[in-house]
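Both complexes below contain subunit A, partnered by subunit B and then by subunit C.
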Partner chain A sequence: MNASSVSLPIRLLVVLLLVVIMAPLAVPMLMAVSDSPFLTFPPQGFTLRWFERVLLSREAQASFLFSLQLACWSTIVALLLGVPAAAALVRYSFPGRSAIIGLMLSPVIVPLIVTGVALLQMFSSLGWGDTLTQLIIGHAVVCLPYVVRSVTASFMLVNRDLEDAAAVMGAPPYKVLTRVVWPQVRPGILAGAVFSFVVSFDDYPISMWLADGRHFPLPLYLHGLLERSIDPSIAAISTLVILFALLLVIVIEKVFGISIARLAT
Partner chain B sequence: MSVVSTPALPSTEPLVFAQTLRRWAPGIALVLPATLFLTVFFVWPTLQMIVLSVTQRRVDGVLIEGLTFDNYLRLFSNDLYLRVLLRTLRLAAASSLVAVLLAYPLAIAIARGGPALSRLVTITLVAPLLVNVVVRSYGWSAILNNAGALAYVLKVTGLSSSPPALLYTEWAVLIACVHVYLPFVVMPIATAIGRIEPSLEEAARVAGASRMMAFLRVTCPLSLPGLAVGASLAFSLTAAAYVMPQILGGNFSPLLGTLIEQQVLTLSDWPFGAAISTLLILVVLSVNLVFIGLLNRHFSRWTGGAK
Partner chain C sequence: MTPMNRRTFGKLALGATSFLAAPAILTRNAWAQGKEIQVGIWGGAQGEYVRTAIVPQFEADFGCTVITEEGFTLANVEKMRATRTNPQFSVMFIDDVAIPIARDEGLIAELPLDKMPAAEMLFDRFNFGGYGTGLAISVASLFHNTGITPPDSYGDLWDPKWAGKIKLVSPKNTPSVFFLIVAAALKTGKPFAEAQYEIGNAFDKVAELKPNVLNIFDNGPVAVGEVAQGQADIGLLELSKYVYPYTAQGAPVTMSFPKEGSFAGNNSQVLVKDGPNQDLAVAFMNRMLESDVQKAFSEFALTAPPVGGIEFSEEASKYMVYPDTAMDSAGLFTPDWEFVNANRSAWTEELNGIFSA
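Moving on, here comes the complex of A and B:
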């Protein structure tokens, strides 16, 4: 089917929609360089002092680093649990297999805010665990479905004939695993890891229940800042967050060769 | 042959059983850690919360134990809570409907637009998902406030000198929800449209159908499975939204999520918070089941079994 199968009115509508979709990411970037303490549009003058203020803020640095740390730990836990589970779900048959698939994907169906409050209730009634561990557990629950889905998909694409060929030619099982299976499932594991990182890094509804003053992820810090102040420093920090996300898009698409569309499917 | 093998059967049964166990063992061992993790940290706390909502109630700040449906009666008898519930359902339905309407042109562009357009639309659509919800909401507030970008554009283009007051209304929440949940509706529809043979539409066109007619009678019915998935996702995600109503809806239009937070963190009324949470789970699950049920029973007739 050639490109002309999309009619001109639909093309124009699509362009308009894309502009509207990008607007909430573009407007904070414009406001961030505005040389006026108020958030009026259009921005006036040009200054980088809001960026300077944000980058030098101890609180902002601390919450960024904490979010980074939390996202890395949650991703590691989700991978350690999710990769073997995905392999088992594709390669082995055992009783309750379809029920377990349902279980693995169910954290995406239950509202996150409910998962968070349920975990808080359990942790506080047990009086167990420090805040960081609780946050890692909560995030890993939510990240796990993304890892399982992505890795399951890549295990299903593995060509079994290659493994048989390698085994026939005398490769020991560990060599088949590292030289034949691993290269085929690596993209799926990488995609799962990246999506898991993004989900944890951007999470609000789990963190809002489990965080405390010393463990304060970036989205919570930003919400607090938004309620306290109206000057463009919030626009500056939003710009940095948006640029970080766009950088991730480029890395995911160009370097890893993973379609980010899979995050929404 | 069968005569020879029959006497051997009883003695092989334990062996077969052991073999089956051995065949299951590696799979079970690999899947066990994740299953235990989710059982302990997801299923158990959720069940515990549902149980809490029917075994405890707070009266004048004192917790009373024992089987009770007071928390739910309170939810449905109080006008304020009922209004929050209805607002949540209304907003979720509106978000789902608007997202579906906007999704079609985008899905058509992705499925039929050639590689360059398809990629541009996909990346633009999904990129906002990588930005956290607070920043996205802030972006919308910078557009929708009365000295914001929308007011400016309306004034410059001469469309309106007094911009509509959208910020801190349900409209702002609706706009922001549609914005971020749109990819979850577009992608399944685009996949469904991509699976339709282009020759079907061409046949309709050759037979004299207008573009619009070909879309309404061919493309649209065949894409209904994708629509059902997307619409139920948009409904569920909007019903459970917390941050966007908080930042964009102002203090006067809370949704169920805000109600849970208030009851638990501000008023420490855990049993009532648990009841609202349970209701939210029920709303989301029933909408998903209804959509999937419709899909299986009614749509299959129109879609010729397309999945």
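Moving on, here comes the complex of A and C:
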């Protein structure tokens, strides 16, 4: 179907939907440039000083960099556990398979605030005091379902005949894996990594229980700022986070040549 | 040169005083060298001041490490519960409402007040039976946009002229208990001290307010900002520590105090039972009560201190009810939290039923 065949009402509906989806993102972006000492909407005047204040804030920088570090580690752990798990769940039939799938997806079903307090209780009982490790494990637990779901879908779509053909033609297993399987599951793994990164980067409920003053992710910093700050700095940070997410999408599309829109469908 | 603001001055004054006394303090506190405690603090302006001014100075004076973790009362109580078998926290900041709960569950220890010389100046009402001390006292009352004339009585808020103009505090937040006491007082005609025990019969009065309620808020500072912008006329009700920072910076929002009286919001500190390095924890709690710390802390957060003998500037005094005699004159009421805690979940369900219908 080409663009010209889409009727006008459908086009208007799409535009309306896009406006509804995008409007909440536009509000903080507009408030961030307001030249007033308080959060106001519609904005009054124009200034970039709130961005300057945020970008020069050592606390904001530290929280942003820590969130980045945490999201990277959590994503790596979730991929290391999730990709083999997804492959096994798709390719092998074994007792308890359904139970394992349910267990892996449970962090999405159980409220995260409950998962967070349960993790705190577990770490405390074990006497495990390293906050960074606790946070990485906690975030990996909630990221795992996204990796498993996305990679499972990729493995289900893999054409097994191609693998058999390669093997029959004499390709050793590692070549079948790298030349035949990998190109087919790569988009799913990348999608899982992206979702995992975003889920970890945005997480508040798990971090709320496990973080401390030395390990303070950005969402906790934003929440604290919302409680103590009345100027548009928080809108400036929100804008920067939105722009960061956009940058992430552009990098993935341009560098890896993978369409996020296609992955989402 | 950039003019020095109230908050920067407070931090510098606290730092300069401590710097001059540093050599003697370090020798005296050698026992604490290398020790570490974890303290659950609040977020907001109070948390910021504790993290950036009080903790660094305490660490320098005692040669120790204090790890702070920001939270709020219910989360901080839950953290103590979750780590009960192997406590990680040594000191926890919670509101007075939760002290009886934490005490009855064995989460907190009785304070060794003989090792806390700064507690000598503590007003009796803020020692909570020896299981905690006050840290900062706010007033809970109405807040309103300065463009309107606030009502003299809480009862006026039920008038149809306020239809859709009131933001009501969420049942999740402690000030919602104050709202229920107000409703009970209006229905029964009794003072707050007696009306609090008749909340269960006052939900029809609560329901009558519904047409005047624009929406429910659970984030005080955001609600205050919305009233300042004119999205609603009145907020019912919130602690002064969330309102006055806006007022002090010139936002068109302030508090008003209806004739029935107002409420005390008591931010407090407790000693976690069997928490690590209890001696250092007690020293930290003592530091929190010292006069120079309390003066700077109060002026930063615009709250009143729980200890006597502190002189405030005229500007700072505008935002606090201090000392204890002034609190009595202002009719600041502290509910019977043991009774409230025993009934709060049922009241919350009633409130949810009314305002979500």
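Keep this in mind: the second predicted complex is superposed on the first by the 226 of 265 C-alpha atoms of A that agree within 3 Å, B and C clash if a C-alpha of one lies under 4 Å from a C-alpha of the other, contacts with A are read in each partner's own complex, and residues count from 1 in each chain.
Keep in mind that, in the parts below, contacts are C-beta pairs under 8 Å (C-beta built on N, C-alpha and C of every residue); 3 or more make two chains touch, one makes a residue touch a chain.
As the structure is a computational prediction, the values presented were derived from the model and not from experiment.
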Once the shared chain is lined up, is A:G127 touching subunit B (first), subunit C (second), both, or neither of them? second
A:D164 in the overlay: touching subunit B, subunit C, both, or neither? Say first, second, both or neither. neither
I'd like to know which partner A:H223 touches here: subunit B for first, subunit C for second, both or neither. both
Superposition-derived comparison: subunit B or subunit C, residues of subunit A touched: B
Who does A:G82 touch here: subunit B (first), subunit C (second), both, or neither? first
Touching A:V117 in the superposition: subunit B (first), subunit C (second), both, neither? both
For A:G213, using the defined touch cut-off, is the partner it touches subunit B, subunit C, both, or neither? Pick first, second, both or neither. second
I'd like to know which partner A:E52 touches here: subunit B for first, subunit C for second, both or neither. neither
Using the touch definition from the top, say if A:D35 reaches subunit B (first), subunit C (second), both or neither. neither
Dual-contact residues of subunit A, meaning touching subunit B and subunit C, are 38-41, 117, 120-121, 208, 223, 226
Residues of subunit A touching subunit C in their complex? 37-41, 117, 120-121, 124-125, 127, 129, 208-209, 211-214, 216, 220, 223-224, 226-228, 230
What part of subunit C is in contact with subunit A in the complex they form? 38, 43-45, 47-48, 51, 67-71, 75, 78-79, 82-86, 88, 219-222, 224-225, 228-229, 245-246, 249-251
In the complex with subunit A, residue positions of subunit B that touch it: 23-24, 26-31, 33-35, 37-39, 41-46, 48-49, 52, 102, 105-106, 108-109, 112-114, 117, 120-136, 138-140, 142-143, 145, 147-149, 151-152, 176, 179, 182-184, 186-188, 191, 198, 211, 236, 239-240, 242-243, 246-247, 257, 260-261, 264, 270, 273-274, 277, 280-281, 284-285, 288
If you look only at subunit A, which of its residues touch subunit B in the complex? 1-3, 5-7, 10-11, 13-14, 17-18, 20-25, 27-28, 31, 38-42, 80-82, 84-85, 87-89, 91-95, 97, 100, 103-104, 106-107, 109-115, 117-122, 137-138, 140-141, 144, 148, 198, 201-205, 208, 218-219, 222-223, 226, 234-235, 238, 241-242, 245-246, 248-249, 253, 259-261, 263-265
